[in-house]
Amino acid sequence: MNELTNRLKVDFDASEITERKPGLTTLKVAKDKAETLIRELRDREGFTHLNFMTCIDYIEDGIFTLVYMLHNYEQKQTLGIHVDIGRDGEEMVSIHHLWAQAWTYQRELREAYGIRFPGSPRLDEDFVLEGWDQIPPMRREFDTQKFSEERFGHREGRQSEVPRDHMKVTLYPNRGGDEQ
Amino acid sequence: MIKSLSTEDTLENSGLSAEEQQLFCNARPKAYEPYPIKAVEDFANWARANSLWILAFGTGCGAIELRPLMTARFDANRFGVAGRPTPRQSSVFVIGGYASVKTLKRIIRSYEQMQGPKFVICLGICPVNGGMYFDSYNTINQFDLYLPVDLYITGCMPRPEVLVAGIMELQKKIKQGRCDGANRYVENFDWYKANQKKVIKNWDMPDYNW
Amino acid sequence: MIAEWTGKIANFALTLLIVTAYGLFMTAFIERIIAKVQGRIGIPYWQPVINILKNFFKRTAVSHGYMFYLGPVFRIAGGIGTLAFIPVIYGSETFSNFSMAGDLFLVIYFMFFGQLGMALGAGESGHPYSAIGIARGLSQMTAYEVPFALAVISIVIQYDTLSITEIVAAQQGGWQNWTVFTNWVATLAAMLAFLGMTGYSPFDIFLAPQEIPIGPPTEFHSAYLSFMSLNRALFGATKLVLFMNLFFGGATGLIELMIKTWLIYMVAIVVGVAFPRFRVDQAIRFFFKIPTLIGIMSIVYAQMMLTS
Amino acid sequence: MVAAFFTDVMLQPLGIYVLALGAGFLVPLFDRAHRGSAMLVFMGSLAGMVAIAALNLYAIINGAAVIDIETAGIAPPFAINLRFGLFEGGVVLAVNIAALLGAWHYLPSLKQHASALLLYLILVMGINGMVMTRDLFNLFIFIEITSIATYALIGMERTGTVLAAGFKYIIATSVATAFFLLGTIFIYYQVGTLNIDDIISHGALIHGPIGLIATLFVLTSLLIELKPYPANGWGLDVYETANSGIASLISVGVSAGVFFALFKLLPLMDAYLDSIAVVAGATFLLSNIIGLKQHNAKRLLGYSSIGQMGLLTLALVLLEQLDAGAQIALVVGGLFVNHLLAKAGLFWLAGIVDRTNIKDWASIARRPELLILLGLMFAALIGLPPFPGFWAKWELVMLLGSADQYGWILLVLLGSLLEAAYLFRWFSHARKRDDELTEHVCSFWQPAPVAIAAALLVAIGFGMAGTMDLDVPAMFLPLLAGFGLWLIDGLPARVKQLAMLLAVAAGGYWLTQELTGINQLFSYLLVAGGLLISIATIYRNDVRNGFYPLLAVLLLSLAALLRASTTLEFFFSWELMTLSSYLLITLARAGIKPALAYLLFSLGSAYFIFAGFAAAFASTGSILLADLGNVSSPGLVFSLLAAGFVIKMGGFGVHIWLPDAYAEADDDFTAMLSAVVSKAGIFGLVIIAAQLGIRSDIGLDPAYVLGWIGILTATFGALMAVFQEDIKRLVAYSSMGQLGYIVTGVALMSHLGWVSALYLTVNHFLFKGILFLSIAGIVLRTNERLMYKMGGLIKNMPVTFVFTMIAIIAMSGVPPLTGFGGKWMLFNALMEKGWYWIAALAFFSSAVAFLYMFRLLQTVFLGQRKLEHAKLREAPAILLVPQVVMIAAIMAISAYPKLLLDPLSAAINPWIANTLVWDGFALQTHYGYWNAPLIMAIVGGVWMVPLIILLLVSLTMKIQKVEQFNIVYAAERPHRPEDTHFAYNFFAHYDRAIGFLVRPRATAFWNAVIEWSHTLGSSLRVFYNGNGQTYALFILMYFVAMVLFNGGLGS
């Protein structure tokens, strides 16, 4: 694995190579090298399986981190590729030509975060949110509770507790006030 | 008897293109009166109560609680409960917990395709007040805004025993002639429709799914 | 003349009532047996009746057109008519129905009457699943008709008649005269065809509750469905009576009728609970192989019987 | 003096020579003065020749003595010795008429050179000489004159290929005439005279090797001139390249001369008749096989021409062997005139149209007059009625049959079929409307010679009919009616329709009024039924050129068929029916190709029937249909005739023409084809079954085979119908399947079997008529034939739906409608006969039938309606009217079948004793019983009671009428009718299970037959390498082969 990551470091300027646990390594790569890197991993290094694709919203840094999770069955290794893209309408290269199922993930990412993958099939079709008329809901500037109350209403008599506080009161009354 | 429509009975079906409007029926639903003879109505209600056909449409996590109902342990067949794969023939709709907006649209369509008298059981807390999904962007909080509910079984998740108890409760209610959800829906049709359309933004069905 | 026919009609109404009730009862009875096998209690005995009543008590319905409306009428007319042409109990004037109108051939062809009308009704509903279900059902029907036809020809050769009454008469005088013992080959072929005819597993693909919600009747509900449920009970019992008459010596009394038909029905049930479902093309191929072969043998067997 | 010269010389046969030579002398003179006057002289002299020949022939027919002429008072060979008898007169007249008309056609080219006019005259004179001369040496001279004149005429057109062809021609004919001269010398050496009559009377003097060589020289020479296969490449090249005027004269004139020379010398050739027959037969068959591969119009005509000459020679030789006497004149004369006029006309047409490749003949698709002429000529060549060829072939085959020459019959019929294949393929090309091709332009008068030839053909055909044992007015009524209607074809559609209906009604009534028994039954079905269905044709009011006349011909020829009392009348009407239905199919947009297959199979069927009649005639010496039963070999006759009728009905294995023809014909005509025309085959089958199957102890075998063929037809027809997407093809296959039951019913040869067959026939007429007329309405409204493109039409066409449904129930055999009775009787009859396996298959196929019946109703009327069909209207009332009548008939027969069964039984009783036992309303058989009125009542009752209950229950409910998308759709909504309508590949699973049974094997087989015959054709062409030397070598080798074949020098 080290051998591979070292090579990736040289060839693709991969950075932040971290072994999270045995068999799971993550690394970060620049956006313009990501597709080549993934293709290389799939075709040459035996990472034939795309576990999933997802996205993390770092609103503070103004970036989305896309995560491509690849798996090598022979070595039982999982490799997470992190790619940073800008939050504001930046596009990403589609990988549906590498794994046909990727278009589903990309469609979902388009719906939930507003990231566009030019060329990805059926990208603009509704996935879960039929007729969605707000900003993409997984972006952190979207206030779900406010939206929920406005649109779905609030049943009178319902009380919401903060789970941590509520547990302190109901489950562990003796330890009330313990700051640790 | 088969009736032809007069214009005031019709719905706009504005969610449909002009081309599609001719493909869907645009009649308003109509309420039905009880049979004029009380004995007949009581007998009919007894029959209805003892032949509850549940629509085989698992709408949320609670759908998993419906399966054991038919097994040897609970054997809901004893109470005349059976599953039915088509809404045309079903009389009971069990809402299995949370309902996302996308599912709600299908629930409404299926409910409207069931023939009256028809009954709705809400399973779990989510249809009541949103439950743990109270702040979700995609899950409704109060199911009775959208469809008339005859019986709530709360809990997260209620076990099959409770479901059996709920069914027996429903039977009791039916026999008493108090399950008139279908008529309530018809009578407050515009209110229900407005609520439904408030959350379902891509309304591409007819206003009433005959 | 009028009195005679009124009497006949009254007698037939009585037979119809008994056979329908028996069919409904047996449906429940079999359901309960299956439930017992699965360790359950099962439905109450009157559950099929309640279901039918419940559907009659529905207050709303939709109609897709006049053929849709008439479909169930055709269906149950097929069932009643089929029964009308079969003598139910041997030697009983009351239960001989209108069997003087036609013979076995009439009965076999009249079975299609209801199926055709029903298929047209289901077709007008516009539901693709209905059409798929019918396409499958009809295909399967052509397949099981082959061993059945061969078996029928075999017993027609054997008894030298097409009249059901005479076929039953020829089997009187002891169990050893029953077709099942005198011409077991034909009976075997016919019973294999019977499996397909009842529509139980492994030949229930045309109803296919999971894949194409219950096939042809998908759109039927309310009173339409009541008619069809009634017919299912009636027609099922009628087919049993026919098989009993042709292969199992007929019946001289109601009790004998019930025992025999129940036993015949159990064949389908036992096979049904034990075997998974065939795909349609598999079912067709099945019927064209072993059962057809047995059917062919049955004719040879009957001819040998004649010459010996 | 002048007058005396005129009567003594000019009006005598010799006047022909005088005219030719005189005109030959005058034409250049006049040409110098004025070109037009030269033409006048030229044409005048040709007309004069015709007139002389006609006058003399007329005189001879009226009993004048045969004219013998010896010129200049000196005995031959130094002078010309001529004879003008009956045969000579006929041939001379025909040749001169052809020459005159040919000159008319050829005139534009002839005008170029005065010498061409001269040559033409000399050529004609030469031919006349060849015919009339009675001197062997003179014959040689005339042959040389014609050869040289022909060569010179060919050479008038100075293009490379023409000159090459002409050169090959002169080489070949020189060699041939050299043979002739040698032969003449040897004969003179042995006999000492050159007078043919003397030679013949001293035939015994020709003996030994020299005699053999001498006769073979003469014979080979004449045969070579007739262009036998394979030594005929030189002739073909000339046909292909020469001007159509000269080619026509070579084909008909020169060949006629040579042929007549052969006829004259035939008494010398007694020993070689067999080899001549072989040569001629081979030439006929092989030329026609090679013709299959040919696309060059004139070369194709060349093949046909050579083939026809082969047939003529064959007929002459065979009949000579049989000592047929007077019939030789009829057969050979008929064939000769037929070939002469038709072939000449075709060559002229080829000249007018001037398209080398027959595929380019589409340019005349919009010229009906040219098309009609082309079709008439083709029909004449094939020997279809009423042309002379028909009568001649009939006599020929009958004579051959009576001499047990079945091999030759086979050869003649096979060759004719092959000829029909390529000629009508050509016709198909010409019929095909191709907008890209430029339309052919020709003046109005240009086709006139062809038209005159056609008129002469018809007239002679009519004249020949008079000599046959035939009910001429009845047989020609269809043609007359058709001709009359054709004359008013320019009137508005409504008038034409009315006129057609009146003509058919009146003519049909007149033709069939006196019929009894089975014929009467069929007359109701075919004439009254045909009339009923033709009412539906009113639904179209477009021009439909030719449709109504042809329909009248078809229906009236069916009526005439029923009336036929002799096999000749039967065959005449049968061929007329075939031809008219073929032409009717070609009228449809895409009908041309399937029509060709239809025609070929129909002709094949006709030829089987023909052969069967010949075999019957051979046995009984009578052509009365009523005497069919007396034949001594009933098995053979029955098999041949049954094969013919089964092909016509689309039996198993020979059905491939049926679906295409039914599908592509006009929609209303398909109804006619299926409901009415197919019944002609059943009629024939019933007739022969009645005559042969019952009367003579035919043995079970052919009938049993027929029973199997019938049931296999039923089974596979049903199976194939299941997998069709095209509605008309589906019903076409269904039609095939239903006819299969009828064949089986007839094959049973029992009373019940026949009753069931006739009952099913009536039933088939009723439901197929309804179905195809319904389909006509559907296709009219939707403009679609593919079922998956329709759907949900019950909303728009409820009446059509109900009618179709009733028709389908009547077809399916579900009680209480008519189909059940037929199935029940058939099943009972099968069981009584002990045909258990057939009974089982009948059961199976009627179950399979449910599949396609349901599919038809489901995919067209039920399911989802397409958006574009939302506004469709019900089928036009005029289409529904005949259906109402037929529905009423179905209902009446269903409720009270005795209505139909009694007449059926009465019609059958004369043949087989009645076995129908009636017990009140119930029909009883050995096995079972069937009480139709009671069944109807019970079914009505059990249907009405639930309906009333449902109506009552409906009162307690609110029932909403919904639209097509209001369906349960797994909680989704349908988006398009197209993807919600389950229709395409409806029985995919069935196909997966037993589809292997219905892969198109028969089609593959027939395609292979086509492939083989084309390959054979091209391999037989190997001799034609275009090299003159090779051709000359072939001629020499041909002679050698003839010598060796006839015993060689040693004998």
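The letters A, B, C and D name the chains in turn, as written, and every chain counts its residues from 1.
As a convention for this text, a contact is a pair of C-beta atoms (placed from the backbone, for glycine too) under 8 Å apart; a residue touches a chain by one contact, two chains touch by 3 or more.
As the structure is a prediction and not an experimental result, all values here were calculated from the model.
A.B. asks: When all chain pairs are ranked by how many C-beta pairs they have in contact, which pair ranks first?
C.D. replies: So the pair of chains linked by the most contacts is C-D.
A.B. asks: Going by CA means, which chain is nearest the middle of everything shown?
C.D. replies: Central by C-alpha mean position: chain D.
A.B. asks: So how far apart, in whole Å, are chain C and chain D when each is placed at the average of its C-alpha atoms?
C.D. replies: One centre to the other, that is 54 Å.
A.B. asks: How many angstrom between the C-alpha centroids of chain C and chain A?
C.D. replies: Spacing between the chain centres: roughly 60 Å.
A.B. asks: When the centre of a chain is set as the mean of its C-alpha atoms, what distance in Å lies between chain B and chain C?
C.D. replies: 36
A.B. asks: Would you kindly tell me how far, in whole Å, the mean C-alpha position of chain D lies from that of chain B?
C.D. replies: The computed centroid separation for chain B versus chain D comes out at 72 Å.
A.B. asks: By the touch rule stated above, which residues of chain D touch at least two different other chains?
C.D. replies: Within chain D, residues 954, 956, 958-962, 964-966, 968 contact more than one other chain.
A.B. asks: Residues of chain C that contact two or more other chains, please.
C.D. replies: In chain C, residues 58-63, 69, 213, 218-219, 222 touch at least two other chains, as defined above.
A.B. asks: What residues in chain A touch two or more of the other chains?
C.D. replies: Not one residue in chain A touches at least two other chains.
A.B. asks: Return all touching chain pairs.
C.D. replies: A-B, B-C, B-D, C-D
A.B. asks: Okay, in this complex, where on chain B does chain D touch?
C.D. replies: Listed in rising order, the residues of chain B that touch chain D are 1-4, 19-20, 22-25, 27, 30, 32, 35, 57, 86-88, 106-107, 109-110, 113, 204-206, 209-210.
A.B. asks: Quick check on the complex: what are the chain B residues that touch chain C?
C.D. replies: Per the touch definition, chain B meets chain C at residues 2, 25, 29-30, 32, 44, 47-48, 50-51, 53, 71-72, 75, 77-78, 80, 85-86, 88-89, 91, 115-117, 182, 210.
A.B. asks: Of all residues in chain B, which touch chain A in the complex?
C.D. replies: Those in contact with chain A are residues 100-102, 105, 128-130, 134-142, 145, 198-203.
A.B. asks: Which bits of chain A are touching chain B when the two form their complex?
C.D. replies: 126, 128-134, 137, 142, 144-145, 147-149, 151-155, 157-158, 160
A.B. asks: In the complex formed with chain B, which residues of chain D make contact?
C.D. replies: It is residues 867, 870, 954-956, 958-966, 968, 971-974, 977 of chain D that touch chain B.
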